[in-house]
């Protein structure tokens, strides 16, 4: 943290200046936001990079900041980051605390299973072992509403769920299909897992911005529209989710929140 | 040579020991085999899972920065906790009630509470009541929790270090006319500090281990937490755990060995009264001893 | 042994140096000092003997105020014992004390042990303090050990250093609490010789000891204590050959001739 | 004192009770026992003296196999010292040992200390054991302390209990390793008296001690050790008045007349 | 004033903490005693194993051990402790297993140091009157060692009580888990902190004082 002097992250957004911009992403989500030895990869990262470019920052002016799920609102409120692209679903609750640009991706809660698994419906989960991360509501929903006899196993991270799936400790992992696809697409797991393709919920990924910063919201929305229209969005989807048999939704319209 | 438990062994005892060794060895081998089989069955021994750890990037991107943060938090905590602990330790031995009792209460309070709760609480406190940036907050919270707890433990180490000195040292100093302050600075503290060194070093082990709480519970990117990021990238969960555990073991083993080397050196040293607080006196110094320590110093 | 002046001015002056008046002291329910009256004149050597637990050490320590007393009065050189602070420290410097367990400062060399008090209490400069310390170490016969640490010395040598450390403060009176009873038999004589020389030089001394040889040859007076009381006082010859009290007779019979 | 039979059958028999033949023992590089040859006859009282570190304790402990020896042979009553197990335990019960630091069982009362061996080793029944224990405690003069714990007794009393504990096993020989050197002077005699009585009763005894009075009056023979060797053996009078070796002369000059 | 407590089962969470503590304490006492027996055994290999175990386990953060029981033991080694399908019970039992593995190292050291406080002279005196190995052990050494071990063991127990909070890392619903949840949902951070701090003070301080008193009372006077 030697950069406290720049606490109002990149507010001097005069294009191409010597300034940097701080952007919040996930570090441990393959396909979305992943810290790699030589940089950062993932769909969120690509979107954020494109948006930053439109806001006037080159890739080398971006300072990536890890924003874990629980930290996202407060990081924005305090101005630690300019914006956040970190599997951030737009919800009414969150909209009270932060503003969202986008959505830029429509994801759905889904199940990941082994390729040879016979789980095709959520109800098949009855009597099966389902994995999710500690405190996640998506798994609880399945147990409460769809498959009351499912066994819920909670781990600290999705990586551990996936490892459990591979070793046979659990039968299925549930969360957003984009996240699951990211894992399934990883070199080490290629060909071992499949998505069930169930649309158990709608997750509208948006870019979080400090409450009231309408100017940035508008700028980002413009950038997102451009990204879709010039084909960069499609490329990003192909690059990051391509290896999994992930059938992505078409690019959502700005402000068009599917509930 | 005989010990408390065993007589000097005769030929029959020696033979029996050899048989026991063989049986025990067989048991250990069986256990090792079972572990090997289980790992192999689950494909955990595949080279692909272990290969990342032979690549320098895995170390420079994840493990070493994580280790750096672990050491940074541990070092900072120790540096801040030491003077604080010394202060409370000496305050607790004051002749004045109104100094001694509050100091004792503070020390006892923070020793009774889990470090994890202190960290969670500090994290929330910084988030709500200060404008420490999110980057720094986990470090602040971890260090705060560790300092509060360890200063209390160090306070007890300091006190024990001074009490461990033979009473004759104080009396001899007073007998040649040294005053209270002079006795403390010229005679007691220099000897107590030496006596405490091994205890302080081994307290570092406790601190290093406790930094991991910050990784799991408040997202401080120390070694254990960096393991998570690494595991996500290389998709190698169990091996990453094993590697990280080994790193902790080596790091702490170095510290423990240093502490016991120091302890041995001090005990043998011609410059001490033989009063040394060893590693074992510290590991979990706790309320029970303290309850006793309120009593008179005259235990026969 | 080189002679170093031992508080000569005191020897010249007259009068009582240490005066205890109806001193009482309890440890909880135990009445360890019961109405003790004792006067020690300048230059006098008094040996205190008595069974274990009779209060000899407590008496010694009370004179130096290492133990507080419950009632009564103690005066050194005419001045009552101060209760605390600077005055107490100053008084303690005037009263040398030698312990059964030596109590040399373990983290300091022999030389530093003897210099510490001079520098910190007497505010002597370092060079003078060292000179004097070396002189004293020579006097007690351990000059060649000056740079060693206490733990490297034999018990007899340590005790002699402890004596030198006390002498370095130019004390008016020296208290010895069983100075030889922690020593191996072969080392007892070397310490007793130093004490004997000190007595001959005119030092005022209070010595708790069981060494009858020393008492006979060096003491002006023997004080016999039992159960916290002074039971008998006499010149050594009289005390050893013809003790008056039964308590003393009994004690002597136990301690002699084995 | 009530008399309790002390291995009377042994006193009657003739011959050597303890025999050491060219016994060697090292502690690391230190050669603590060097070719020790020593024979103790039934009923004999042998005092072992010598400077600190000369190997006296090690010698005592080797006879009881508390220390193993590197070479040589030790035989008690004609039988070689067993290496372990039941035989060793049985032999040890026949060899009483009294330590410098008493080593009474801290968690048992005085009476229990004396009864324990009788019940557990000699398989005596409780009542008989208690009777005998009380007799022995009476004999050593601490009958009134039977229900106290060791820490509540003075050193002299503890040591006498330790002697009673050893006697309770009806040992053939008693080893004493500096039994009085941890004691206050007044207590030394009470222990020595018990030992003297024991000697008069015909007990075979090996006593490491610096108490010359005891050596003179009770010993049949004095063995002088230095640096792991037996330097001189003689009857007490001859040894004290006219030691042959320089080592012994030097040692005696240090230890006497202070 | 304490209305923020509504809807939270604080007592239940502390009850879980107490259960974790007690069950782990019993387990680690057993395993720790076995380890101590190995560490003081005359068989070098057993001593070596005991020493290695203690030195390895003591140097690993408890968090690592607890998390490893979950993803390592349960998933890879199939150690499910009879709760293969009831994951709530599984993580509860696994965390106990982790606490036992960890705490036993400290119990072992406490026992070993207790044995070391018995002066060799006691054993030698016992041997000298002809007591056998087992007699020396059961009549003389262990009774004395036991008394001096109460104090150190009390410390281990108190440390264990506090350490159970680490079970939060694998989702056991004990005090720390609840505190984290409450802090996220409620505004009265300070009050929440105070409630949980008080809970632990109540759990640990009396234990410490009582066992401290007991160990003083039973101490072998020397």
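Letters A, B, C, D and E name the chains as they come in the text, with residue numbers starting at 1 for each one.
One rule holds in what follows: a residue touches a chain if its C-beta (ideal position, glycine included) is under 8 Å from a C-beta of that chain, and two chains touch if they have at least 3 such contacts.
Computed from a predicted model, the values in this text were never measured in an experiment.
S.K.: State which chains count as neighbours of chain A and simultaneously of chain B.
M.R.: Where chain A and chain B share a partner, that partner set is E.
S.K.: Enter the minimum step count from chain A to chain D; a value of 1 means the two chains touch.
M.R.: 2
S.K.: What pair of chains is linked by the most C-beta contacts?
M.R.: Looking at every pair of chains, the most contacts join B-E.
S.K.: Expressed in ° and rounded to a multiple of 5, what is the rotation angle of the C-alpha superposition of chain C on chain D?
M.R.: Fitting chain C to chain D on C-alpha atoms yields 175 degrees.
S.K.: Which chain wins if you rank chains by how close their C-alpha centre is to the centre of all protein C-alpha atoms?
M.R.: B
S.K.: Return the distance between the CA-based centres of chain C and chain E, expressed in whole Å.
M.R.: It comes to 53 Å between the two C-alpha centres.
S.K.: Based only on mean CA positions, could you tell me how far chain A sits from chain E in angstrom?
M.R.: Whole-Å distance between the two chain centres: 41.
S.K.: Nearest whole angstrom, what separates the Cα centre of chain B from the Cα centre of chain E?
M.R.: Result: the chain centres lie 17 Å from each other.
S.K.: How many Å are there between the centre of chain B and the centre of chain C, using C-alpha atoms for each centre?
M.R.: 46
S.K.: Which chain E residues touch at least two other chains?
M.R.: Expected reply: 67, 71, 75-76, 119, 122, 124, 127, 169, 221-222.
S.K.: Please output the residue numbers of chain C that touch at least 2 other chains, ranges allowed.
M.R.: Residues of chain C never touch two or more of the other chains.
S.K.: Would you give the residues of chain B that are in contact with at least 2 other chains, written as numbers and ranges?
M.R.: Counting only residues that touch two or more other chains, chain B contributes 2, 7, 9, 13, 42, 44, 216, 237-238, 300.
S.K.: Report the complete set of touching chain pairs.
M.R.: In this structure, the chains touch in these pairs: A-B, A-E, B-C, B-D, B-E, C-D, D-E.
S.K.: Can you tell me which positions in chain B touch chain E when the two form their complex?
M.R.: On the chain B side, the touching residues are 2-7, 9, 13, 17, 20-21, 24-25, 28, 35, 38-39, 42, 44, 108-109, 112-117, 120-121, 124-125, 128, 205, 208-213, 215-217, 224, 237-238, 241, 244-245, 248-249, 251-253, 256, 280, 283-292, 295, 300.
S.K.: Could you list, by residue number, the parts of chain D that touch chain E in their complex?
M.R.: 64, 66, 86, 89-97, 99, 101, 103-107, 116-117, 120-121, 149-152, 162, 165-166, 168-169
S.K.: Chain C touches which residues of chain D in the complex?
M.R.: Residues 51-52, 154, 184-190, 192, 210-211, 213-214, 251, 254-255, 257-258.
S.K.: In the complex, go through chain E and note every residue touching chain D.
M.R.: Answer in residue numbers: 119, 121-122, 124-132, 135, 139-140, 143-144, 147, 220-222.
S.K.: In the complex of these two chains, what residues of chain B are touching chain D?
M.R.: For chain B paired with chain D, touching residues are 1-2, 7-13, 300.
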